[in-house]
Structures are given as structure tokens and as C-alpha cells.
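Heads up, the next two complexes both have subunit A, just with different partners, subunit B and then subunit C.
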Partner chain A sequence: MNPTLSIAKEFSRTPGSRYRTESTFSGEEFRETCLKPRFLQAVEKGTKLTVVLDGTSGYATSFLEEAFGGLAREYGSEKALKHIDIISTEEKYLKDDIVEYITKANA
Partner chain B sequence: MRKIYRETKYIRHSLRVSRKALKRRLRKKLKEKVFHRSIQGKPLSEVRNLKGRLSSFEITAPIKFEFLEHPEESTKFINLLESILKANRRVFVDMSKVEVIDHGAIASLLSVMFKFKSRKIDFNGNFPLNPEAARVVRESGFIFHLFENNSNKTKYTIGATNQMLTQVDEKLDPGLVDIVVQDSSISVWNSPQSCKGLYRVIIELIDNTREHAPYKKRERGSERWWLCINHDKANKKVSFVFLDYGIGIFASLADKPADHPISRLAKGWAQSFGMSASGEHLKSLVTTKLYETSSSKEGRGLGIYGIGQTMGRNQISNLHIISNNAYGNVDKKQYRRLNTGFNGTLFYWELCYNNEHQK
Partner chain C sequence: MRKILLGDTFFHGLVGFVLGTLLGMLLIVSLGMWGFKFAPEIILEISPLEIVSLGITVLLALYVTSKLTKKTEEDRIEKDLLISDLKEFKAEFVSKVHKILHSKTIKVVEVSSTLKVLRIALNTIIELVDKHNLAQTCAARAELDKRIRDINDLLTDVPQDAHDGTVISGGEISLTAERKDKVVAVLYDFNKLVFEVVAAVNRS
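Right after this comes the complex of A and B.
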């Protein structure tokens, strides 16, 4: 079974904006403290990390772009897409948005 | 004998100067005479008020002081106030003739008067004579917010009808935004609901102010934002006004490098519509996903588009944007150029009963 990362349960129910300097629970903080370590574990084990977006108050585009686009900028879009799966039942369009952020991150 | 006392041209000059000085003295004397006659028999408090008004620059607010319906008149008035502020002059805001006023106008007036207060420049004013307009101003808490000691008002009182939040130079607290969203949903649907679009809009706007509004790039986070929240429980509607007095969307775009995609887009706008087509520029920003690098930073240009998306998904209603000399009613897809430029950015939107929400 693939490892799962729920943003609402493991990070915050109220995600903020892009950088740590701008807001609490920022995209940068999420990427560095939650997403990146779990992503690297998934890469090491050759599995996919399932990121669950449901259960929060909502997301700013800057948060999602910094978290997922930032990861892709560091490790490459291909690797990020290969090892990350997104689940978003409350806001279905977010999955497509995130895939786009990852794809275009180092285009 | 000195030259200035004997040569005709100098004598003529001196006579002209003294004639002008005499005229000024007589005018002042007459003004004082009229004023002193007018205060005869009046109570001391009224006399003080009149004296203060006499020494201030007096400006009259427009009869229809509405940013959404009459943006030009309202912008002109706010710009005049700003110019008085720049000149460090005392001001008296005469609102007596105002017949209609909206929350956008109140928020913008409050934000400018707040600058007078912070620069310790005296100001005064009166309430509209029209009872309905006066009620709107009183219920907005305008006076309370203006004379509040705390310059960063980030405490939201759950259940209060009209509130204003303002902040400068501090980290965004998403928890505060969450409380605003929850309380708004209670006003609309009678129970707390998840309104992800509303949450996104508020976070994006605060983020935009920090990122783009400051006059100097180095002073990031130095621009104050205002969020005015008005609950209309009877009509199951909450209206929001977000305002910042930064350089505005288009002025901030002008700072971009020539190879930046927005600059290329702006070049296209200029070719298609001419340089004055700011309404079309605004439309492009709301409907075009840019997603490109900006000054070597990647993944930018999504904020305003993201706000436009929430409108398209029916997560908010009646979105209006006014920035620099562009006006946009996103709901009705009406975009136009304003004859009077607005130094900043104003967003207005509503959360209504028919908007998308989750339990």
C-alpha cells in the first residue's frame, strides 16, 4: 500500500500562502517539513506518495505552487509526477492544477 | 538715495506689491468679520468646530459615493484627499450631501483618513444628512475603526455585523481567515460551512498586497491592507471589500522586465487596443493563466487568475475589481477604462446563498 500524507491531519487545516516569511503554514514550510521527507522516502522505496488535499479550509494557488512546483524545481518534474499521487475529492480541479504546476515548474 | 527709491520701475514694483498686500489684508479682515458675526451667540463647542473648519481644506464628498456604481466620482474624491495628505494640510470632509454610500467607499475613506491619523495631521468631517446614508456610515463602525488605538486590527468578533480588519508588516495568519470564512458561512447558511473559494480569495489578496503593492520593492510587507466584512443576514449575503493603497496591479506590472510574459502580453494589448485599454488588460489578467517566471521567481502570475476561477466555479458572486484606471465587473463580464486613476486596488465580492459550499 502506498504511503499517504494528509495535509489537514499532518500539517494544518488552514494552509497559508507561499513563503515562511509571509505566513504561517506556508507552502514552503509544508514542502520542507512534510512533503520533501515523505517524497524522498517514497523515491527510495520506489513507491508513490499519495497526498490527500481534503479536510482543509482551502488552498491559495501560491501555497500549492510553492509546495509541488517547488518540489519539481528541486527534483525534476518527471520524478515528482512519478512518485506523487494527488487525492482531492472536495476540490477535484486541484489535482489538474497541481499536475500543471509540477509539469511547468522546470519547463 | 538708493536706486529702489528713485527709479520708476522699482517704485512701480513696490506699489504693486503693497497694493496686493493691502487687498489680502482687507480680504482677511472681511473674512474674519463675517466669521465673528456668524458665531455670535453660538455655543463654544460649535465655535471651536467652525474655527477648525475654517483653517482646514474643505472637500465635499460626491452625492453618490459608491465605488461600484460610480467609480470615477469616488476615485476623484479619494485622489483629492490623497493630494491634501501629501501636502500635509488639515482637512474637513464634508459628507453632508452624500445620498448613497457603499462599503467600498467607506473602506477607502477610512484607509485614507487612517493615513492622516498616522501622520498626525488634523482632520474632521460630518455625517451625511441623508438618514439612510448616515445609517450605513454609522453601522459600518467607521468612527470606531478610525479612532481605535491599535493600528493592526486582526481580531475578528464572531457575530458582529460590520467589521474591518487591517494589517501591515505582519505575517498572514490563515487561522484568522478561517474564522472570517466560518462566521460568514453562518450568516449565509445558518451553520458553519466550508467555503474554499472564499478562503482562497482572501489569502490570495493578502498575499498579493505583500508581494506587489509596496512602492519600493525592498519594502515587502510594508503596505497596509484593509478587509471590510458586512453581514446581511436578512438577505443571506455577506459582502467583502478588500483594499490596499499600493501601486495597483498595472503599475506593478510596469516594473516587470521586458522579456517577462506579462510585458509581452501588455505589448499585445497595446497593439490590439491601444495603451488606454486598461479594461481589456484587467480582463486578460482575470481570464489568462500566465504561470511564468517573474524577476527570476517561478510559478507566479496565478493570483488574480485564481480569484477569477473562484467566481467561475460559483464559489463567490458579484466580483468587482478596480485598480489604477481599470474597472471590471467580472460577474457581468464588463470591463472598462476609468477616466480617473485609482492609486491602489479594490476588490469587492459577495458570498451568497446560491454559492457552492460544503458541510
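Right after this comes the complex of A and C.
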């Protein structure tokens, strides 16, 4: 079974903006403290990290772009897409949005 | 409802029958006045089979008419409900976005929360439109969600290479006049798209 990372349970129910300097619970903070370490573990084990988006009050575009686009800028879009899976039952369209941020990050 | 529809159909059939008979009699009288002559006796020979056949035909006609009327009525109700949902959603969406634009402080978390609820609501309506095979060929249907996403971007995103003066500090975003104008422009476009979808649902 793939490892799972729930943003609401393991980070915050009220995600903020892009950078730490802009707000609390920023995309930058999420990427550095939660997403990146778990992503690297998944890469090491050759598995996929399943990120669950449900349970929060909503996401700013800046938060998602900085978290997932930022990861792709550091490790490449291909690698990010290969080792990350997105689950969102509340907002199904967010998966497409995030794939777009990851794909465009290297463009 | 069903009884009323069936009753209506029967009543219309009866009126049609009476009118048809009267018109037929009028036609015979008119033709007589123009010099046409009819045989003084009409011989009626109807076999029991023909009576049964006639009865079945009349019953079938009434049944098919009532079924078709019911289906048309149900389709109309579904369309009216969806159109009403779309109009209510549009009013709420426009009102909430204007409220955000005119508030002194715009908290990113609050805006994200409001837009999450609105985007889910819109997608639920669109799912219903698709489920009932209404407006599936209407391109505006898919564009609606993109407009909400555009507004979400304009209200909650400051790109890394942003140079338009928009800043976020303390979790609050300060929008430039240019950004606010862009939001209003997207709202106009959104209104137009809702109109197109409503028209497509109505036509389908």
C-alpha cells in the first residue's frame, strides 16, 4: 500500500498562501516540512506518495502552485508526476489543477 | 398528477370527437347545398372484429398520448429546476465576488473557503446537466469552471514573477485596481456563459 499524506490531518485545515513571509501554513512551509521529506521517501522506496486534499477549508492557488510546482522545479516534473498521486473527493477538479502546476513548473 | 394528465387527455379526445362529428355533419350539409346527393340509406355493417380493432386503436391512442404528455411534462420540470439552480448560483456567485472585491481586507483563507464552496456547487449543477443529457454539446458548460478558477487565481495567487503590485502580507491580499478590473471582466464573461448554458438546457 502506498504511503499517504493528508494535508488536513498532518499540516493544517486552513492552508495559507505561497511563502512563509506572506501567511501561516504557507505552501512553502508545507513543501519543506511535509511534502518533500515524504516525497523523497517514496522515491527511495520506488512507490507513490498519495496526497489527500480533503478536509481543509479550501486552497489558494499560490499554496498549491508553490507546494507542487515548487517540488517539480526542484526535482523535475516527470519525477514529481511519477511519485505523487492526488486524491480529492470533495474537489475532483483539483487533481487536474495540480497536474497542470507540476507540468508547467519546468516549462 | 397522472390522473389529471389522463383526465385532460380524455377530455381533449372527447372534445375532438364532438367537434369532428359536428364538422362532418356541416360538411355533409354544405355538400348537399352545392348539389351533391347522397344515398337516402346508409347501410351499417360492422363486424365484431372491427369493433374490437377500433376499441384497441382508440385505447392505444389515448395511452400513447398520455405517456408522451407525462414524459414531456417531466422533462420540462427537470429543465426548469436546473435553470433555476443555474440562475440562483449565478446571483450568489456574483454577489459573493463583489462582496470580496469591496471588503477592506481580503483574507486569502476566507476567499479560498468561499470559492471552494462555490466551485463545488457549480460542479454539482454541471454533473446534473450531464446526467440528464442536457446541454452536452454546449461548449460554455466546460468554460464555467475555468472562469471560477480564473477568479480564484486572481483573488488568491501572487505568481513568483508577479510585477503587478499585488502583495500578500499577514494572510491578506491587497489587490491592485488592474486585478479588480480583471475580476469584473471575468464576471461579465461568466454571466454570458451562464446565459448560454441556460439557453442550451432550454433548447435541449
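Keep this in mind: the second predicted complex is superposed on the first by the 107 of 107 C-alpha atoms of A that agree within 3 Å, B and C clash if a C-alpha of one lies under 4 Å from a C-alpha of the other, contacts with A are read in each partner's own complex, and residues count from 1 in each chain.
The rule we apply is simple: contacts are C-beta pairs under 8 Å (C-beta built on N, C-alpha and C of every residue); 3 or more make two chains touch, one makes a residue touch a chain.
This is a predicted model, so every value here is computed, not measured.
Visitor: In the superposed arrangement, does subunit B or subunit C reach more residues of subunit A?
Guide: When the residues of subunit A touched by each partner are counted, B comes out ahead.
Visitor: Is A:F39 touching the first partner subunit B, the second partner subunit C, both, or neither of them?
Guide: A:F39: touches no partner chain.
Visitor: Figure out whether A:Y75 sits in contact with subunit B (first) or subunit C (second), or with both, or with neither.
Guide: The answer is neither, since A:Y75 touches no partner chain.
Visitor: Output check: A:F11 vs subunit B and subunit C. Expected answer is one of first, second, both, neither. What do you get?
Guide: neither
Visitor: Taking the superposition as given, does A:E22 touch the first partner, subunit B, the second, subunit C, both, or neither?
Guide: both
Visitor: Is A:K92 in contact with subunit B, with subunit C, with both, or with neither (first, second, both, neither)?
Guide: Second partner only, subunit C.
Visitor: Just to be sure I read the superposition right, which of the two partners does A:F30 touch: subunit B = first, subunit C = second, or both, or neither?
Guide: A:F30 sits against neither subunit B nor subunit C.
Visitor: Once chain A of both complexes is superposed, is A:T61 in touch with subunit B (first), subunit C (second), both, or neither?
Guide: both
Visitor: Give me the intersection of subunit A's contacts with subunit B and its contacts with subunit C, in residue numbers.
Guide: Subunit A residues touching both partners: 14-18, 21-24, 57-63, 65, 90-91, 93.
Visitor: Considering only the defined contacts, which subunit B positions touch subunit A in the complex?
Guide: Touch residues, subunit B against subunit A: 171-175, 177-178, 181, 194-200, 203-204, 206-207, 210-211, 221, 291, 298-299, 302-303, 305-306, 313, 358.
Visitor: Considering the complex alone, what residue numbers of subunit A touch subunit C?
Guide: 14-18, 21-24, 57-63, 65, 90-93, 97
Visitor: Would you tell me which residues of subunit A are touching subunit B in their complex?
Guide: 12-18, 21-25, 56-63, 65-66, 69-70, 73, 90-91, 93, 100-101, 104-105
Visitor: Would you pull the subunit C residues touching subunit A in the complex into a rising list?
Guide: Against subunit A, subunit C makes touches at 108-109, 111-117, 119-120, 123, 145, 149, 152-153, 156-160, 168-171, 173.
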